[in-house]
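In what follows, subunit A forms one complex with subunit B and a second complex with subunit C.
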Partner chain A sequence: MFSIDATLSAFLLVMVLATTVLLSVQATGDPYEKLQVVRTGKDALVMLDRQNILSSGNATMVETALNATLPKGIGAHISVSTYYYVNGTFNLLNMNEYGEGVPEGKNTYGASRNFVGMKNGQVAEYLSARMWIWQK
Partner chain B sequence: MAEMIGHRRGMFFTLSMMLLGSALLSFIFFLSEQSTKSSDTVTYLMEVDRASDKYSEMEDGVARIISQSINISVQNSTVSIRESLPLSGQMMDDLEGFARFEENYSDMNVSMNLTNISKGSFIIQPSGTLVTNSAGGFDVTPKNSADGAGTLTAYDVELVFLPGAIDDASGLANSSGDTMDVHVRVRDSSYAVVKDFYASLDKYGSGSLNVTKSGATVALVSFSDPAALSVRCSENIGLKASISFSNPSYVETDDQIGAESSANRTGRIRIA
Partner chain C sequence: MAKRGQGVPIDFVAGLFIFLVMLAYFLLLWDSYSERYVAAASSIDMETTAIGVADQLVSTGGMPNNWTADPLSAQSIGLAWRQNEIDPYRLSALSSLPYANAKRLLGAGREIMIKIETLDGGRLATISASEAETGDSSKAVEVTRMAMLNGSVVNVKVQVYEN
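Moving on to the complex of A and B:
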């Protein structure tokens, strides 16, 4: 009888440990964290677009606005591709990179936004911004 | 006797341990299920968020392009439209380019039908008042109903011509019935000719204003049943039209755009 109790106790102990590990692992991969970080990135992209900062191509302005917009614990890298449209085809004009380098070995999340750059009352260029965002 | 009690205690202890084990197993299973459900919910929420973002991104782009040709603003229940007639074809080209760009460079399926807004047609809501641009013309056509024309209270229209393009304007007289206030200003850009016309017009009647140069008609502003406005002009003119309603209003296009993933978002484009 004693050996059955010992086995059961050991089994219970293993289950308690397994539960702890399982809950711990699930907490580490908290999907709400991802939702929050991605939302932050998207809001920053919208703000940078609506204030015509991204289409300006001015690195100092973009970096300053990014630092002012993102919370301190968040890192971001933005790549903006600029296209012009002629004869039904989009041609890549340039690609600008802003923000910190994307870290290796960290969870990074993505956000994107397409928008137009206006000049003299008409569309001068089509821009596509991709953002990588992470928790420092 | 004591041995029997000890034996029973042992069995009771073993049974308790087994029950505890079963309870723990159920608890782990329950937690795991809840965690999976929660994760699925967040994944779905993220898809809803992604579709919503793409939709508002397209809405922003379209509104930005339109604003270069037609300036539309809303102040509570008054909608103001400022544009140059005839409407430039550039807006149509830009909208088509933007729609193609979104289709080619989006990370999800998008659909943009911009047929009506490309022609300068949009709707003032909730009254369902249709605003259209055509070659040499501009029209405001409310629905013939209590919640359509019935809610329209006033028009304030200004036509700006090139210097020397006009020298006179006449027409527009008060009428009785279910009336709306009308103010039409006709001028040239140098202010050499400025003429203001105020009238209280029957919404379901008619009235017109003839703008002339040396007696020949240059433009015609007319009001007709049901509280509709029509501007006809062969010249290039600046137009400002403020339309007041009895209810708070907003402006949207009669075109559908959509962002499609596992969560879809489709609807009309809100302009102002």
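Moving on to the complex of A and C:
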């Protein structure tokens, strides 16, 4: 039968080894993985906005542009809410959804962009786009 | 009268044996992981540089704002005339800069290669050292950002090489 000091020393050593392995595994992960995916999402939203694709409300156009813009291996879902402004309040006009369904059980990141829709040089509507983005 | 030596308790011997076995395992593990730490730290440093350079290119216009008038006197360089929109004049000025100046003004401490490409891979511009100066291409990190150039979406790819 082992004495208590031998048992304690073995226990402590096992704890130290387990901690070392755990910290080592954590340290070898890519700390910028999330940042890169989020940047990709933000860039894609800017591109779709600047090309007036998001404000068009044309699902085919948005889906085609999204597929062409996003790198392979990245999935995305976009929700665009359109508001009109009257008497000091924003009123929801409609909400459109584009892209793939958000998967369950995967790390999903978010990006958003607020912009305006112009008509005849005037602000006609206010749009808020939210993007869910993930690595397939 | 015969002398009697003190017996070594079996639990002490067993404890010492287990301790030595685990210590040896720990030392081997330490050696293995220390190599991985060095590689991971280098990779993270390259990635940090690539992210910083790519962000500087697509998000800033450089300092001073009209650095294209005298590129060699610029304090820092950027390609954007507004967020994610590349100014063709700034791109042209960056392409004409000597590589060493471009690298310094982008704050890169490692060898870099910048590629501006269309979404289908057509090359529009390349900023890099000559082949002889480029670092170990097998250990490179690449960061891609999207931007508009002349109304079209382009990929700004920044590769950073291990020195």
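Operating definition for what follows: the second predicted complex is superposed on the first by the 108 of 136 C-alpha atoms of A that agree within 3 Å, B and C clash if a C-alpha of one lies under 4 Å from a C-alpha of the other, contacts with A are read in each partner's own complex, and residues count from 1 in each chain.
Criterion: a residue touches a chain if its C-beta (ideal position, glycine included) is under 8 Å from a C-beta of that chain, and two chains touch if they have at least 3 such contacts.
Quantities reported herein were computed from a predicted structural model and do not represent experimental measurements.
Look at A:V123: by the touch rule set out above, it reaches subunit B but stays clear of subunit C. Of the two partner chains, subunit B is the only one that A:Y85 touches; subunit C does not reach it. Of the two partner chains placed by superposition, only subunit C is touched by A:L17; subunit B is not.
After overlaying the two complexes on the shared chain, residue contacts for A:S9 are found with subunit B and with subunit C alike. In the superposition on chain A, contact is made by A:A68 with subunit C only, not with subunit B. In the superposed model, A:P31 makes contact with both subunit B and subunit C.
Once chain A of one complex is fitted onto chain A of the other, the partner contacts of A:A44 are limited to subunit C, with no touch recorded for subunit B.
Overlap of the subunit B and subunit C interfaces on subunit A comprises residues 1, 5, 9, 16, 31-32, 35, 39, 46, 50.
Within the complex formed with subunit C, the subunit A residues making contact are 1-3, 5-6, 9-10, 13-14, 16-17, 20-21, 24, 27-28, 30-32, 35-36, 39-40, 43-44, 46-47, 50-51, 68-69, 71. By the touch rule above, subunit C contacts subunit A in their complex via residues 9, 11-12, 14-15, 18-19, 22-23, 25-26, 29-30, 33, 36-37, 40, 44, 47-48, 51, 58, 83-85, 119, 143-148, 153. Against subunit A, the residues of subunit B that register as touching in their complex are 10-11, 13-14, 17-18, 20-21, 24-25, 27-28, 31-32, 35, 38-39, 42-43, 45-46, 49, 53, 57, 60-61, 64-65, 68-69, 90, 94, 97-98, 100-102, 104-107. Those residues of subunit A that touch subunit B in the shared complex are 1, 4-5, 8-9, 11-12, 15-16, 18-19, 22-23, 26, 31-32, 34-35, 38-39, 42, 46, 49-50, 83, 85, 88, 90, 112-116, 118, 121-123, 126, 128.
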